[in-house]
Structure formats: C-alpha cells, structure tokens
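Here come two complexes built around chain A, the first alongside chain B, the second alongside chain C.
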Partner chain A sequence: MAQEKMLTGCSAAAQALKLAEVEVICSYPIRPYTAIMMELSKMVANGELDAEFVHGEGEHAQLSVVLGASACGARAVTGSAGVGVTYAFELYSPVAGGRYPLQMTIADRTLDPPGDFGSEHTDAMSTRDQGWILGWASTPQEVFDNTLMGYRIGEDPRIMLPQMTCQDGYFISHIPDKVKLADLKQVKEFLPPYSAPHPISTTCPVSHGPQIRPDQGAPMDAQRAATFLDLPKVIKEATEDYNRIFGRNYDPFLEKYKLEDAEIAFFIQGAHSNTCRTAVDTLRKQGLKAGMARPRWVRPWPTREIAEALGHVKAVGSIETSTSYGGAMRGGNLIHELRASLYDLDERPLTTSFMAGLGGETIWPEDFEFMAKVLSQMVREKRAQKYVYWIGFEE
Partner chain B sequence: MSKKLPEFGTINVPHERAVPFGAVTPAPVHVQELFMTSNWRIVRPVIDNEKCTRCLTCYIACPDSCWSYNEEEDVMEWNAGFCKGCQICIKQCPSDALTAVPELDFPDGVVRLEKPF
Partner chain C sequence: MKAFDYKFQHFEPVKSFKGAPREEMYVPGHRTCAGCGPALNYRLVAKAAGRDTIFIGPTGCMYVANSSYLCTPYAVSWIHAQITNGGAVASGIEAAYKVLARKGKYNGPFPNIIVMAGDGGTADIGLQAASAMMYRGHKVLFICYDNESYANTGIQTSPTTPYGANTTFTPPGKEIPEGKTLFPKDVPQLFIGGHPLLKYAATTSVAYPLDLMNKVRKALSYEGPTFLHMLTPCPKGWQFDEKLTMEMGKLAVETGMWSLYEWENNEYKYTHVPKKYKPVGEYMKHQGRFKHLKEEHIAKMQAFVDEKIQKVKAAAKPVEAPVPTPKKKA
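Here is the complex of A and B:
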C-alpha cells in the first residue's frame, strides 16, 4: 500500500522524481526551490536514486545540461525559482523547439527588484509563450501528482514537450501537508520509460539544434502549434489513467468548486485557492452563491472548459498572482485569457480582476469578502466599474 | 451555451514544407544538405591555386568547416552552401591566396537568387 506522509511541496516533488527514476539532475541553488535539490542530492548520495547529479554554474547552464541529457535519451530534471527562472530564458524555446521532454520543477518566488523572496507567479508565468507545458499545483499532494503526470504527458510520443510544474514558494513548498505517496509498481503502470526518438549516439549519429533557414521557421512554428492542439487530449487521457491507478479525482484542466449554481465566481490558480475554497463556503453560509474555478494548466489554456464552466455565472473575478504591467487591464495575466475564453458566448459573465498574493502576501479571508462585495455589486449594477482592483490599496 | 463556439481547427503543414521533428537530422558525413545557411553572404573567398600552398590553415580557421582538401586533384575546395563570408580564412591565409569578392560579381551570387537554394 502506498504510504501517507506529512511532506512539504519540495519533499513531495523530490519523492515523485525519485519514483519517476530520473536519470540526470542539474541543480543550482535559489530559495525556495532549493529544498527539492537538497533532497534529491541526499537520495543520490545514499544510493536510493541512481542518477547523475550535476551542479550547474547557473540556471542557463542547468537548462543546457538537461537539454543535452534529454537529447541523449535520459529522463532529466532541473528547477528554479524567481530570477533563476528568468536567467535561463534563452533556453526555453530551444528546449521546446528541439522537443526535449525534460521537467523543470518550480517553487515560485518574486522577481527582482528588490530581492523579495516571497511567492508570486510572475517568474514562471513569463515563460508561458515559450512552448512549454505549464501548470500550477495547489497542495503538496498535487505537486507530487503533477510531477508524475508532467512526465507522462510530455514524454508521450504524440507530444514530446518540456513541462514546468509549479508550486507557490513557501505556501506549498515549505508547509507540510498530508501526501499520499505511490508504489513503484503503480508508477511503472502509469509512466512508461522515456524513449527519445533520435537520441544522440555514436552508432547512429544525428545533428541536434542545427541552424534552419528563414523559410523553415514558419512550418516549424506551425508544427509546434499543431502539437498544442493534440495536447488537451493527451492531458485528459493521462489524468484519467492517473485517477484510476492512484485513486485520485482530478479534473484534467479546471477544478470546479461549487460552480453549478454559482452567481459569482473566483478564478484563481495555485496555493491561495485553498483559502478561496473556505471563503466560498463562508460566503455561501451568508447566502451568497459563490464558486471557484482553478486552472491546473496555463499552457495549454483551458479555453473551452472555462466557457463551459463559467458561462452561466453572472460575475467572475480573476485573482492574479502575477503582474502584467501596462497590459490590457493594467493588472495581471490571467484576466486577458479568461475574458478571451468567455468572449464568444451569447451571454457572458461580467469580469474583473484582483491583484492579490503579490510579493509573497497572503490573501486573507477578508480579502475574498471584499472581492465578493465587488462581484456582487457588479451583478446588481450589471456592469464592472473597474478592470482591476489592487487588494490592500482600495478604499 | 446557445451559440456554437469557434473551433480550434487543425494546422496542416504540407509534407514538402515540413521540418524534421525537433529539427533533428541524420548527422552529416560531409555536408548537412537539409539546412543550407549561407544566404546572407555578401562576399565570398576566391582562391588563387597558384599562390595556395595547401597548408590547410583555411581548413583549420573556418568556423563552419567550409574548406576541405581534395586529395585526388590536390586543390582546396570551398563549400558555397555554408560559407557566411566572414573572411577569417582570408585574414589567416599565410600566402595571400584568398581574396574577398562581392557576391554581386557572380551570376550565382546569393544576392541574385530568388530562392536561397
């Protein structure tokens, strides 16, 4: 039987990576993700995990090492946080374009300046157009599960894409919660060994990463985009298999909490959704029909699922945990794609956004009450007064 | 949802335009025919075989391995498909056997081609 343990998000990620039998690990320290590498290095040193553990001299090197490892046919992992994620930026597109299904495990941290180490999603969100599979967990359990699901989805021969599995720094990475682990037998059933289609080898030499011509750029982009059209189907299959083998109950794309009869809804990803669920319960006790939708993946974006789940709601507020300075709504990132997903509906909900959970701030139950008041007012007035509300800075 | 929502559709890249998966190709033994990259060249090195001593300095100096030695004919051969016209070989040649000549001076100059290759 699979064990249940109290684990932080970082430990949960390390345990899942051990069960995935990763073969190459490349580390460079930056808190809060570092704890994942500390645990992995201990496992390698103790002989519990048979993997090459490489110290990169920075995040750019980390990504380069795992790119090479993946090209050789190894299941590879690296990770980072905050400015470490952005230091590696050059490598994101080549890793995805070269179709290397390695995994990057992220514990979010605010970007500089200044050197705030609290959680905020802007670090990994800023990579969302680089062709990676990108998603957020909301508990240490989901970190464990997404790590295994990430490899299964990314290594699928129809997909072959890298995955960024994210967790909020501190809120998930450093707060222990009950995690149901898995048996190696279950993992073997779920996750077949990685098979690179054209591994670097001396007996059958191949060229990786050559220069292509400008007229080859467009078809290559189109081929990459076409893979993202197939991706939802593969995510769905993988999630269903995962639920069956490990006894979980994940929706592949969107957690829907009390949405069936909801009049107002919060749209939120990551750790703060836990407070949000409690806030929804409290609001319902007060007679307000509230609900919550939580995207599990940002890439691919669950366009259709959002339209189906939120189409009937009267007002939706997206709670941004990342910044998009000067963006269409002058707030965060999620609102743009949330509104775009709802636009084609005959009757669409009113929308607004709330800047909250930035720089490592907690989103308190009172904050959700404030947001619910704004959403209720929108329903009453049949209009949104503002595109964005900065929580903590409103009258 | 009363109205039918738009579809994502499909993206079809015709076979003749498709790029190898991840741009991974069989390793070239001599020349990678699939990815010719010299179409931004402005000048090309032209060799004077009388001056050339076959010292192979150009072969060593070229960052793209565009010079090779043809043993049978005892001449240096230049690869038009990859030479970017960087002129390192010209600068390095100890016997001044190489000259930079503008692409416009050649009927097959890359600036004259409608399609690069």
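Here is the complex of A and C:
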C-alpha cells in the first residue's frame, strides 16, 4: 500500500522524481526550490536512485545539460526559482522547439530587484509563450501528482513537450502537509519508460536543430500549435488514468469549487486557493453566493472549460499573483486570458482583477472579503468600476 | 561509486596519409566559403574520430554554413547547441550515455563526444559552459576551431582576433589607426590553468593534417575532458586569396604567430618548431585585415610574437615528436 507522509512540496517533488526514475538531474542552488535538489542528491549518494547528478554552473547550463540528456533518450529533470528561471531564458524555446520532454520543477520566487525570497508567479509566468506545458499545484500532494502527470503528458508520443511544474515558494515548498505517496508498481502502470523517437545516437545518425529557410519556419510553428490543440485530450486521458490508478479526484483543467449556483467567483491559481476555498465558505455563510475556479494548467490554457464553468457567473475576479506592467488591464497576466475565454459568450460575466500575494505576501481571509465586496458591487451596478485593484492599497 | 565498464574507445595513431581512414564523416553538401579552413578542419577531425561519434555544434560558421535548409553534412549524429552552451549540452549527452549504459539501455562503445565550437563559443560567450564541463570531468573533447573572429555574423572581433586586425567592430580610423588594439586571449591557458581533471590539451593547424588527426585521436583516447585549439584560416575574414588557406596555416607556425604543442602530464611538448622564425610581416602581408597597419604596428606585433617565441624556446626541450611528422616531399 502507498504510504502517507507529512511532506513539504519540495520533498513531495523529490519523492515523485525518484519514483519516475529520472536519469539525469542538473542542479544549481537558488531558494526555495533548492531543497528538491538537496533531496535528490541524497538519494543518488545513498544509491537509492541510479542517476547522473550534474552540478550545473547556472540555470542556463542546467537547461542545456538536460536538453542534451533528453536528446539522447534519458529522462531528465532540472529546476529553479525566481531570477534563476529568467537566467535560463535562452533555452526555453530550443528545449520546446526541439521537442525534448524534460521537466523543470519550480518553486516560485519574486524577481529582483530588490532581493525578496517570497513567492510570486511572475518568474515562471514569464515563460508562458515559449511552448512549454505550464501548470501550478496548490498543495504538496498536487506537487507530487503533477510531477508524475507532467512526464506522462509531455513524453506522450503525440506531444513531446517539456513541462514546467510549479509550486508556490514557501507556502507549498516549505510547509509540510499530508501526502499520499505511490508504489513503484502504480507508477509503472501509469508512466511508461521515456522513448525518444529520434535520439542522438551512434547507431542511427541524426541531426538535431539544423537551420531552416524562412518558409520552413511557419510549418514548424504550425506543428507546435497543433500539438497544443491535441494537448487537452492527452491531459484528460492522463488525469483520468492517474485518478483511477492512484485514487485521486482531479479535474484535468479546472478545479471548480461551489460554482454551480455562484453569482460571484474568484479565479485563482496556486497555494492561495486554499485560503480562497475557506473564504468562499465564510462568504456563503454570510449569504453571498461565492465560488472559486482554479486553473491547474496555464499552458495549455483551458479556454473552453473556463467558458463552461464561469459563463453563468455574474462577476469574476482574477487574483493575480504575477505582474504584467503596462498590459491591457494594467495589472496581472490571468485577467487577459480570462476575459478572452469569456468574450464569445452571449452573456458574459463582468470581470476585474486583484493584485494580491505579490512579493510573497499572504492573501488573508479579509482580503477575500474585500474582493467579494467589489464583485458584489459590480453585480449591483452591472459594470466594473476598475479593472485592477491593488489589495492593501485600496480605500 | 561502483566501477563500471563504459567501453571507452581507444585509438591508434594514424601513421601516414595512406594509413588515414578512407571513410568520410563530414561529407560534401555544405555551404562554406571556398578555401574554408574550418570546413577542412571539420573533415579531418571527423575522419580521425570515425563512426561512433556525436558532434555538438554551437552556433557559428560551422553551424550556419553546414546545416542550412535542414540539410547537414554529418554522417554521424550532430546536435545544434546555442553559441553559449556547447560545453553544457555535451555534459548532458555524456551524462545520459553514462546512465543509459549503466542501466543496460545502451550497449555500444562509449561515443566520442566532440564539441566543435568557434572562438566566440569557446573563449567568449561559451567560456563558462566549457570551463564547467572540464571542471566536472565529463569525457568530452572540446574543440575550439579558431578563425579569429565572429565570421558568420560578418567578421566582428572576438577574444582571439589578433592585434591590428580590421574587423567590422574594429575598423581602423583616424583616432584608432590600428583597428583592433587588444592582444588575444591565450585560450589553452584558460583551460590548462585551472581544471584539475583536464587530461590533455593541444594546438593544431589545418596545414599539418597528420599532426592534427593524431592529436584528435589522442584526445579521444583519454577518459576525461580534453581540449584542442585548432587554427583554421578564414579567407573571408582574414581577406586572403582562397587558394592560400594551407599557406596561411603554415606561415602562422613558421612566423611564430601560432605554435604547435601538446600538454599532458603537466608537460608541454612542442612540435614543428622552426629553426629560424620568419618575420610576422611575411604572414601579415597576405591578409587584407592587416593592410592598413603601419610599420610601428607591425613592430608591435613582432614584439608580441617574439615574447611568445621565447616561451616556446624555453619549454621546447629536445623531445621526440609526440605525433608522427609528415615526411618532406622528395
């Protein structure tokens, strides 16, 4: 039987990576994700995991090392946080464009300046247009589960894409919670061995990444775009298999909390959704029909599922844990795609956004109460007064 | 760590041109310039290394001119790396083959893993990745094919561009008459100086092909990181007649602009040391990149080279040539 243990998000990620039998690991220290690598290095040192543990000289090198490894057919993992995620930027497109299904495990951290250890999603969100599968967990359990699901989805021969599996720094990465582990047998049933279709090898010579003519570029872009159209189907299959084999109950794309009859809803990803659920319960006790939608994946963006789940709601507020300075809505990132997802509905909810949880701040229950007031006012007035509210700075 | 037989390859030296492998691993079909030194160099390296080889090609001439339009001239596996990260991608490939071999997923001889990086991809933007690869001790041959500029982007100065060269980033002008004012980095010294696991480093010139192939083979026979600094004259960047590529490779050695040596077991062994060095002007006069220079600049270059020659003379004890020397024509 699978054990249940109190684990931090970092430990949960490391345990899942061990069960995935990762073969090449490339580390570089930056808080708070470092603890994942510390645990993996112990497993390798103790002989619990037969893998090459490469000490990268920076995040750029980390991604380069795992790119090389994945190109040869080894299951590879690296990870980072904050400015480490952005230091590696050159490699995101070559990894995705080369269709190397490696995994990058992220514990979010704010970008500089100034130096701040707190969680903020801007680091990984800034990579969202680079062609990776990108998603956020909300608990150490979900970190464990997404790690295994990530490889299964990314390595699917129909997909072949890298995955960025994210967890909030500290809130998830460093606070222990109950985690149901898994047996190797279950993992083997769920996750077949990685098989690269055209590995860099001596037995069958191949060339990876030659230059192309401009007219050869668009077909490749179109191919990658088409792969993202296939992704939802593969994510659905993988999630259903995961739920069946491991006894979980994930919605593939969107956690829907008390949305059926909701009049106002919060749209939120990551760790703060845990506080949000409690806030929804409190608001409901006060007679307010509140609900919550939590995307599990940002890429692929669950456009249809959002329209289906939130179409009937009167006002939706996206809670932005990342910044998009000067963007269309003058706040964070989620609001743009949330609005785009709802645009084609005949009757669509009013929308606004809340800048909250930035710099690693906690989003408190009373903050959700404030947001609920704003949303209720929107419903009453049938319009949004503003498209962005800075929580803690508003009158 | 438990001992494991990775089936590393070991090579015998090539004794003569006739004895060199016939099989080409770098084949026609590329788009390099006429008289391209780096292309000829690639052919010799690939020939010496043979079938069980993987090339990592950081961005540079040997990426852009070789792999245009989805075609490549490599008869062995090749992967593009960014200009920044040849050493790191190679490290990942080496790590993958080690773990795949241990797990029984790969049973062949351990591949020759060769990074073919330009001077920018080695000594400039790629230096960090190259250094880390050598520090960690990956079994990889890191090659710097040195054409002394960022040639593929239109001849911009790199850390190995010689003093006085006219490049598109160091044009000579009224205020800066000599063009490039700096002297180049000593690339092998960057690696020899601070990488305890580096086993072997050597320099080659494309004009000495047998010496070149044997240094490749020796480097590939070591069970750890090795480095070759390979002089590859560039007709376009240096502005010389394309039929003079071999001549430039030879004159570089005969004037002391370039010296041929091996470094192993903490010892330097020089080969092809001229009995009497020719003046650097003999080398420079063929090259348009130096044609704006005045006598005082050439004297400055001569002084720089004289200092290098002193070092060679001090180190070049009468040793047996470590690799076979091509026989003189009758």
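As a convention for this text, the second predicted complex is superposed on the first by the 395 of 395 C-alpha atoms of A that agree within 3 Å, B and C clash if a C-alpha of one lies under 4 Å from a C-alpha of the other, contacts with A are read in each partner's own complex, and residues count from 1 in each chain.
FYI, a contact is a pair of C-beta atoms (placed from the backbone, for glycine too) under 8 Å apart; a residue touches a chain by one contact, two chains touch by 3 or more.
This one's a predicted model, so the numbers in the text were calculated from it and none came from an experiment.
After alignment on the shared chain A, the placement of chain B and chain C results in a clash.
After overlaying the two complexes on the shared chain, residue contacts for A:6 are found with neither chain B nor chain C.
Contacts of A:344 after superposition on the shared chain: chain B is touched, whereas chain C is not. Once the two complexes are laid over each other on the shared chain, residue contacts for A:52 go to chain C alone; chain B is not touched.
Looking at the shared chain after the overlay, A:175 reaches neither chain B nor chain C.
In the superposition on chain A, A:209 makes contact with both chain B and chain C.
Of the stretches 8-16, 26-34, 80-88 or 188-196 listed for chain C, only 26-34 runs into chain B once the two complexes are overlaid on chain A.
Comparing the two complexes, residues 205-213, 216 of chain A contact chain B in one case and chain C in the other.
Interface residues of chain B, counted against chain A in their complex, comprise 1-3, 5-6, 8-13, 17-19, 21-28, 32, 34-37, 39, 115-116. Of all residues in chain A, only 97-100, 160, 197-198, 205-213, 215-216, 219-220, 222-223, 225-226, 229, 303-304, 307-308, 311, 344-346 touch chain B in the complex they form.
Against chain C, in their complex, chain A makes its touches with residues 23-24, 26, 50-52, 54-58, 60-61, 64-74, 76, 90-91, 94, 200-203, 205-213, 216.
Partner chain A is touched in their complex by these residues of chain C: 51-54, 56, 63-64, 67-72, 74-82, 84-85, 88-100, 102-103, 105-106, 108-109, 111, 128-129, 131-132, 136.
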